[in-house]
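Note that the chains take the letters A, B, C and D in the order they are written out, and that residue 1 is the start of every chain.
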């Protein structure tokens, strides 16, 4: 599966030249960030996405109190809710009730609502940290490739090709299978999560690397870079003072769009059974258990919807952010 | 070989068992009219103690499916119960389990042989006389040489790594024997020989009584030497039974058609009803259940029961439930409590685990009473001859006893509990559910479990059955399951509780390392009297439970569904599933 | 052009070698670091309760006692020059490319891979046709009617589409259309096109649609963005000024240019997909390369894993090469060197 | 009535930020064989005007009003399809940047053939011959070979010639050239202008040249229209504009015109500031914030929009200053400054 990520530049419509020329005067002097913020504030859909993202983060952070009020501990068995012969929930609609908001799991009667709330942090944490890792690797290598060009660019370009040609999931599954119990000062789920962050982040850097490389290439040719080079500035100075600051906007945008992709990746790994160790709940893991009980719609639906809403929210927000930063879009 | 003594000890004892149980066993009746009439109305467990829907009508196509794949179709390279059972459509062995329902299914009857084996030399030599008129599918007669050759080829574990090793260990193979492939002219008559066209003689290193049970395994199915292609033979097995291969695509399926060279006069035990048998492998398990319910498939080959989604459909529906049988099979699902891992090296800590476990939750994890099995209180499952049920760790409602567990923890010096790791096979959802249930139950007494799943394919080789791995990673508990090759104490217990079988990797005994248990095993193996021996195996069982190194979960039951239009359906205890060779279609 | 192809092919080979070494390392070296002895590795492939002798023999036969370099060399030699397989009663020639024999079933890997390719190809090609046609059409219409109800609806759907994991949509579609309504066959249904084309299509309909939905969403978004951009280009104005019919302006001048970046993406997507649509095939239990890969990993069947990984990587490499060549054909400004 | 008669043309674009009045009440006319120059800074609405005449804003978001009479036919009210049929055939356009204005994926020949075949029912071979012929006529050497080249394989001047060949392929009666030489070297500019003059006399078409550079239209045009902020500020014969200009903006343009006898970097009478946003056109006279003489109107410039008024003989000026005041300024201050420099 490839990242269903829109990596192309955004659109510009045929506009009378006067509009842009005229607008150019009015907004001169404002920073790009402020313009972007102004645009973002007007984009209701993107704002909705952003608000949902914030809510999700809050849910992940305050999972314990939420569960305490609305549910039962996510690992707690409620076998009294289960029909002992079929092992399915006794109540209608998968045992949904005021007590168990989204019903209970078959076999052990765990509270699905609580498990979904408790599963949020894994998805978000891995989504965020893996993205940071790929941004770090992608930006470093992309800037180096774009700035220095020549054989360095060639080698890094080939490296990106190799990564793109890797059957990712196969590797992820294989690697996850051979990871030991302890290592790098971590053990158990800590190591497991670190490994997933590593796998996901390490394999998704080329997408951001390519964008950064392209941007660096064009920045390198700009006058201000030429100017400081002619003044004898060192590479390091040019890179950190002049190129990187100008890369911040595209990096921010594509990082935001990479998060949902990585969340989907995490869900896929958990779905294939190589995620964090049970009984820690994850949305992908819940879905993979639901496969065996496909006759229970609620068991399939809720974790799936949780993934969907999260990914959609990030996509909406990221799209809005990109439109806001990309002057051609408006 | 540590195993030798055990085998030798078992020898004469088992002999007595077999002879008495068989009652001179002739087994010449047609199974359809064997038992008391048979049942025709669908009812729950209708195929358990009698033949359901008996029929002698020939014709039709039996459609069977398998959610995974055979280890091998080669009689010398297979070790799955369903394979032993199903293979009898296209192979015949010296003996076989008596077909049909009821306790007699545990006994063996001659198949290729005219009668059961003739022991001599105090049980060190076993002679089998072949029937006359036996032919391979190409019309060439089956001779004793073909049987001896089949046994000799199966010795080569390099070529046939999957099959059982009993004959490798029992027979007196030449010292420098390299196998029939590496040394085609080797003389292996010191182990097995054809003294004439119809006489097969086995020479054992030590006396051994249960030879008739061993030769019912497919290593004795004849293989013509000139058609033998080693590891590729499974692609084109030459039939000695009533059906032969029409097509065979490894990994997809195969079709069996009638073998016109098979003479029913030589074979009273196989009614051979269908004209054709079609087998699909690697079918999605849920789809297989649905097809079985709908009637598109007659038979689920592995015979281990239905998937949870189907159970949810079948159990509440009386009409569907009436099509099922629910036998207890000689299999125990359990948890190894590994004494190598501190603090489980202290027996009190192990006992704490015993007391803390919620047996009902564990049973539910395994699929509940019908699909999972009866709550197990000790190691030996009920179908094992002489089994006794006892419970050293009885708790109210089987829900575990926090107080007793805490007392044990205190006695262990860990009053606040401890942390350890539990492994399970990640491709087995029931083991995962079990691990989660254990995590919950043990948490109540302060024992913190970390759960780790591993692929089933390398579970015993690389992880739970690998001594180094277990020690290095501090594995305290491991989900496990075991079924017996034949239904006595030795057949069930030896591989999983004898500490002397333990080696570096690939172990099945993960946790029982107790000298007293080993001593009792030797004692039981040497005991001649049936009843006394059975008692001794029960003693082994008790000792293991006292050692608290095995936490029994369930004595497995499988919920089997009789396919629509299937005739002559009967559960056979020896096979632990439906007796496939009896089946016919309407 | 010719030297370019040669260069790329050499580069592709180098990439495959790197990938094969990494894969080999993961499956052969990492377990040893974790402390697995050759015997421990061999005991994965023996039957229940195998004796130590059996395990030792199998370790010897599978070559686990040799240094890893030797084992890798043997693998490469098999690929390049073929290999011999001793099946006991004789020796079989396994012609190049010989990916070896399954450690579990003893079957040669390459024919198994060939056998599964039609499934994955059928899945990928059918879905690709749907998603390219569907995604591009929707994208073009959305771009031309920017801001219309259709645009909002289809872009909303598309965004939802890229946000849905395929194992979720796949499962839902099975629950609804197969188990619920009975309109489509259950998972795992596969008929070769040469046996019955109608049945072939019927069986694959649901996987096609589900997979296409995911990708169509991406392609619709990309096409829309690309169309908006190209339709603002000067040459579109020129085309209009020439008096061209609007449809021709859109299709011949606008779409043609808008599709080139999509071609690149399509090459990568399609290459990855024919290398094994793991999640789709898992969800619908289709016997394709993706399922093969999952089974091979679960069974730790190393020759099968090596085979499927290399074949999958090869498809990606070939697809990207083809795309680059096509790019030069489509866009005359691109010069290959 | 002239061959092309545009009356009170308004082209407005609604945007998120407000209504953009790109063209706001423009009237002009051109006859066959005559040339009109439209001059103004970028953003003054010249290009929008030309696209509007061609009907290229139809169907978009633009709000268009006014009348466009071409050869006795009103185009603004006509159907889009009808106007499309006229485009390329009756009226054609040459664009500013030939590299971006030609499709990069098609050969030059293909693009000319395509243009020709829309309006002429001929075979590909005939059209190809015609294309080669046209390329030859615009002065492209070896046209039979170059016909299969891609735009990016041409030099800038060649591309513009090809562009002209494409525009002329159907013998249009009205030809609009939008900054035809802006993207070209000075030497090539002259060649292209010569070519256009020759071709115009050959085809006897009406020609509109749009440019920000008065120099371009000096020799070519019969009439010149000076645009500012979507409106006409001065309209007259070429002589009027060059020798008797009356609008301060025109003076500014003249002052910024490069001349051979002047240093190219030198800009006399530069126009301070930049063109206004068309969303917020300044109150009163649109030019007043940049006009050095605004204070002479006594505040009128900030409050009241001046009308376009005839000074004499078809010479129109939009300015609050009186005719005499303007003429005096021109004669006493501006002209001498321009001449002495």
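In this text, a residue touches a chain if its C-beta (ideal position, glycine included) is under 8 Å from a C-beta of that chain, and two chains touch if they have at least 3 such contacts.
Here the structure is a predicted model, which is why all the values come from computation and not from measurement.
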{"item": "Pair with more cross-chain C-beta pairs in contact, given C-D and B-C", "value": "B-C"}
{"item": "Nearest-to-centre chain - CA centroid comparison", "value": "C"}
{"item": "Centre-to-centre distance between chain D and chain B (centres being mean Cα positions), rounded to whole Å", "value": "93"}
{"item": "Chain C and chain D, separation of their C-alpha mean positions in angstrom", "value": "55"}
{"item": "Chain B and chain C: spacing of chain centres that average the CA atoms, whole Å", "value": "40"}
{"item": "Cα-centroid distance, chain A relative to chain D, in whole angstrom", "value": "51"}
{"item": "Contacts with 2+ other chains: residues of chain B", "value": "286, 427, 455"}
{"item": "Contacts with 2+ other chains: residues of chain A", "value": "14, 177, 180, 294-295"}
{"item": "Of all residues in chain D, the ones touching two or more other chains", "value": "none"}
{"item": "Chain C to chain A touching residues, read off their complex", "value": "11, 14-15, 18-19, 22-23, 26-27, 30-31, 34, 143, 146, 159-168, 171-172, 174-175, 179, 214-215, 217-218, 221-222, 224-229, 231-232, 236-237, 261, 265, 268-269, 271-272, 275-279, 282, 293-294, 297, 305, 308-309, 312-313, 316-317, 320"}
{"item": "Contact footprint of chain A on chain B as seen in their complex", "value": "286, 307-309, 311-313, 315-316, 360-361, 364-365, 367-371, 421, 426-427, 429, 432-433, 435-437, 439-440, 443, 450-455, 473-474"}
{"item": "Touching residues on chain D, where the partner in the complex is chain C", "value": "51, 54, 56, 59, 84-89, 92-93, 95-97, 100-105, 114-115, 118-119, 150, 152, 166-167"}
{"item": "Contacting residues of chain A [partner chain C, same complex]", "value": "1-2, 4-15, 158, 161-162, 164-167, 169-171, 173-175, 177-178, 180, 260, 264, 267-268, 271-272, 284, 287-288, 290-291, 294-295, 297, 300-301, 304, 307-308, 311-312, 315-316, 319, 328"}
{"item": "In the complex, chain A residues that touch chain B", "value": "75-77, 79, 82, 84-88, 106-108, 177, 180-182, 187-189, 273, 277-279, 289, 292-296"}
